[in-house]
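Look for chain A in each of the two complexes below; its partner is chain B in the first and chain C in the second.
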Partner chain A sequence: MKQLLFTMLAFLLLVAQARAELVIEITSGRDNPTAIAVVPFAWSGFGAAPEDVADVIQGDLMRSGQFAPVSNNDMLNLPTREDEVFYRDWRTTNTEYLLIGRVSGEATVTVEYELFDVFRQTRIIAASESGPVAELRMLAHRVSDKVYQQLTGIRGAFATRILYVAVNREGGEDVYRLMVADADGVRDKEVTRSTQPILSPSWAPDGKRIAYVSFETTRPAIYMHNLVTGEKQQLTNFKGLNGAPAWSPDGNSMAMVLSKDGSPDLYLLDLASRQFRRLTRHFAIETEPSWMPDGLSLVFTSDRGGKPQIYRLDIATGDTERMTYEGSWNARASIAADGRTMVMVHRADGNFHIAVQDLERDQLSILTSTALDESPSVAPNGSMVLYATKRNGRGILAAVSVDGGVRFRLPSREGDVREPAWSPYLD
Partner chain B sequence: MLPRLTLLVGLALAASPVLSQDYIDLEAERKAAASAEVSQPAPVTPSEPAAPVAAAPVSASPAEQQSGQNLGELMYQLQLLQQEVMNLRGQVEEQGHQLRQLKQQSLERYLDLDKRLGAGAVATSPDASKVVAATAVAAKPSVTEIPGETEAYKAAYGLVRSQRFDDAIAAFDTFLQSYPDGRYAANAHYWLGELYLVITPQDLEASRQAFTLLLREYPDNSKVPDALYKLGKVYFLKGNSAKSREYLERVIAEFGDSDSSAVKLAKDFLAENF
Partner chain C sequence: MKQLPVASKALSIIFALVWMVGCASTDTSEADAAAAAAAEQAAAEAAAEQAEAEAANKASMMQQAIEDAASAAGNVLYFEFDSATLRPAAQDILDAHIALAKTNGDSIRLEGHTDERGTREYNMALGERRAKAVASYMAASGVAGYRIESVSYGEERPASSGSSEGSWSQNRRVEIK
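Here is the complex of A and B:
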């Protein structure tokens, strides 16, 4: 018993340490969230369960703002298989859906789960996920994805990851760390660190490679980093600005900003041939390229009209079209996978907010009410926007749903975090 | 210069200290120009042994400095011009956008109006058929739908929506030939009246005839107040103020109690032009 307690304590400590970087605070959810009970999963492996799978799933569903997980204390019984489910018990607590499951295995674990519709008294999902025990949290996120998809009709984006830059003051100098973490901020890992700034992390569509800008050679340069092998490559080393890398949807090329020929312009780097192609030629500033999902055009920020606004560039023809007219400052656009939702930084009344523009209806709505919001990045399913903002003088990450209804914050325990980038789907 | 600097400060949030490279480059070029003028005089001096060593650069300098200043002035002028072009471009973009919006809005107003008038026509027709049934007279063709009529009307109306006004006129003419007594005949006359006003050049007489025909053939149609108002406008455009006034006042006198939007339009038109 003592042994077990000790293992559990050691484990808890480990978990606490692993979670030290980002903490989630939910600030606003929907008015009528769906009541779902996620019963603690049975664990049939050796020793204590490595992760509380049900807790991870509850957290995911809660963060989506569309679900209100039933507290474990309000559960009348804790079934783990179908024959232990009594719908009456769940109806009395107004539970609409019930998720139960079992985790088994050692090095490779399997999570079996079943989802029930309490009012119709039917089982609507019975499935399983397996993988290495170290990835148990990811398996739990995948279960959340399936449940979310079943109940909302939208693919879940819980089993994804985020990149961000953490800045801490250590020994009198700023240390910049490029971090990668699960979408819930847990399991954060350092990708690289430098005493010089790290900026603009960007995911390859395969979810394995990333690109970013680092000043480690005291000049900005674009690097490519393979998260699986750890291999790192410097892609550019031009005089002046080398920035804002954006991987094309097919993964074969990268749009970026270089000022080697004068003012900052957009260039396209073919990753196989390492050939650069100049995409814009203008004495104004062209920056922050972001791809349309079809890979045929880019949106970017330019002040060619005297004020920074978003333009769209057709790569084949070179035709450029202005996309934003509301407000005197629109920048850092990124397009959701549906190709019709554009998020960006919009200045209104002197404050920088995250705004979303419906490209079909040409309607702009402001999503955030904080003052210095920047670097929006859309989840691969287009449901949430992750962005950086300031709170109590510190840089934190926050998220808001595309309709503005759901919000949560991911502040770090110490230092500043900024420049988030949400990964594509990983499977 | 100032807005650009503000932009730089703003963009620095997102992408870096280096955006100011734009300016550093210009500065560097200016410096390069300045250093070129210092190094250039060197080869000149040895060929003039009589001149004191120090005198050469001193005598060369003012002219070179002058050209350096000119170059700097030129760069400055260029920057001013670029800024000016950017501001103008911004204004052109915004005005183009506003124009597109206005066009869209006026089209939507047409669509809205037609929808409301169309709804009125549909609402009145069942009443008409009731009356017909009660008096045991065979249903008049004007209230029953002829097969293909709705499709033909919609196709013609679609041309209005896509602003192909000349094609729309042809389509409504054909429509009236095929379905002279159709339930949408009055609407077709009305649209012809409207369309002759929006084509270039306007055909005021054709428009007048279309509206007049509507009033004569369909005196009880829901489009009558609108047609009266439009006739008032057409006569005004034709320079016949008396007739114009007569029609506008008829709208107010005959339909003042209804909620027809034509009444307000007529009042506004009278207030503005008479």
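Here is the complex of A and C:
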């Protein structure tokens, strides 16, 4: 009986897992992507290889839109060591770069890899990544990061994770799940679940703690959750709104929205002393705070001018300036790590799109063409924006590069997914 | 001399008898009065009870009418896009609920909702603005503020799941609970 129960429980967990799982569909890449061959890595451990490392790396490079991985079927041979590499074989298939490697170990595994420039006939990387076998996929993503950085000059953001909210109709009621997955949507895990809404997930800069809003008490409250220890704490329990938590870049405080003193205003919670400090004082809606990378100011949404627009608040002086003038409706801004790229939701012709504003040139460009786009979240390297949209009546996640050239979708197998939040760098 | 005690005995017997009879006669008249009073009181009580029952019946009929009006009005108020202004139709519904609220001391929960357009936290604030617009209308009409709780669900709990104005107009609402 116990065994049966256990089996049933395991099955239910698998079903719950499969429901929220994301699938990647690439819809647009660069015009002249770089041809790179990622040859299947040799595996010297016991039994079958726990992960196809080359496949993970191919997926990462493909998703970036800047690379066209050579199909395994088009490879004339499958070298795993430098002395097995014949440049001529790769030149004939127009391969520009070649990545080979080997995986060894048991509980702890090591991924050794080498990257070659086929035309120059030189090895440009020879390195390795080690870690527990359960993290082999993450090691593969780290190899992708190194290859991406070597070939584009930009740090890779493949070895990162995403938070998102999955909603499924189960037994006549909506079940909200806060999920965490690798940046490619794989290895999804449930962080918490409720039959009441969960929203606004946000990462601490340490990549270990997260904050979110849950209605589990039938009223909104902000919670903090440690992904490593599983420890969960309720941070706020005020009358009215308790929302939009945003961790400061130093991790010591959290900006948020409370309406305990009347209309929604921004507050700053010092996490050590648990003291709240009111940052705005206005009868309009002030919400969706997001930090400038220097931690000295916040951008936020306010409808003090009649319609929601983006404003910037200097925390020390309290000075506020309006940032957006294009369009009658702009909200939920966030700033990329470069401090000059602002992504937001922009309304044009009645539709809601993801837009990006260059803060130095004050230029706005619309990145998406679907109608109900929201919750933009920028990758830590500033390359891609992950957002939520609707497709065929279902909530899905999608991504677009900051220049609009690369696009992919991440629908879930079942139900709705929304509110993606891209983690900071994890190493 | 022997007779005196006899006479005195007879006398005391007579006295005793007279006293007893007197007593008995007193008892009878008092009991009659009490019975009359009780009857009177019972009649008055019955009348009062009847009046009370009639009043109660009237009141319960009125209460029923108020409850019926509130339930006929429904408990959902609808709004325009990005607006928290009460429409005339919403005010009529609200007036029916205010009349009901004045007949009881029940606490009232106002749940504010928005359609799916726009961002989630902005919609959370907009839902609250709608619930509070309803709350201040109720307070201005004499419903004590402490009885009213406003909770916003933003766009998280749509009443209709489609992505057209037909669904959106159903979702921009405040539910009175």
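Worth pointing out:
The rule is short, and it goes like this: the second predicted complex is superposed on the first by the 407 of 427 C-alpha atoms of A that agree within 3 Å, B and C clash if a C-alpha of one lies under 4 Å from a C-alpha of the other, contacts with A are read in each partner's own complex, and residues count from 1 in each chain.
FYI, a residue touches a chain if its C-beta (ideal position, glycine included) is under 8 Å from a C-beta of that chain, and two chains touch if they have at least 3 such contacts.
Since this is a predicted model, take the numbers as computed values, not measurements.
In the overlay built on the shared chain, the residue A:G393 is in contact with chain C alone; chain B does not reach it. In the superposed model, A:R322 makes contact with chain B only, not with chain C. Of the two partner chains, both chain B and chain C are touched by A:G240. When the two complexes are overlaid on their common chain A, residue A:S200 makes contact with chain B and with chain C alike.
Once the two complexes are overlaid on the shared chain, A:I125 sits clear of chain B and of chain C alike. In the superposed model, A:G305 makes contact with chain B only, not with chain C. With both structures placed on the common chain, the touch criterion links A:T287 to chain B and to chain C. Counting contacts by the rule stated earlier, residues 197, 199-200, 220, 240-241, 243-244, 257, 259, 263-264, 285, 287-288, 301, 303, 307-308, 329, 331-332, 345, 347, 352, 372, 374-375 of chain A appear in both its interface with chain B and its interface with chain C.
Contact residues of chain A toward chain B in the complex are 197, 199-200, 213, 220, 240-244, 257, 259, 262-264, 283-285, 287-288, 301, 303-309, 322, 325, 329, 331-332, 345, 347, 352, 372, 374-375.
Listed in rising order, the residues of chain A touching chain C in the complex are 174, 197, 199-200, 215, 218-220, 240-241, 243-244, 257, 259, 263-264, 285, 287-288, 301, 303, 307-308, 329, 331-332, 345, 347, 352, 371-372, 374-375, 390, 393, 419. Touching chain A in their complex are the following residues of chain C: 82, 116-122, 124-126, 128-129, 150-154, 156-157, 161-163.
Within the complex formed with chain A, the residues of chain B that make contact are 3-4, 7-8, 10-11, 13-16, 18-19, 21-22, 25, 82-83, 86-87, 89-90, 93-94, 97.
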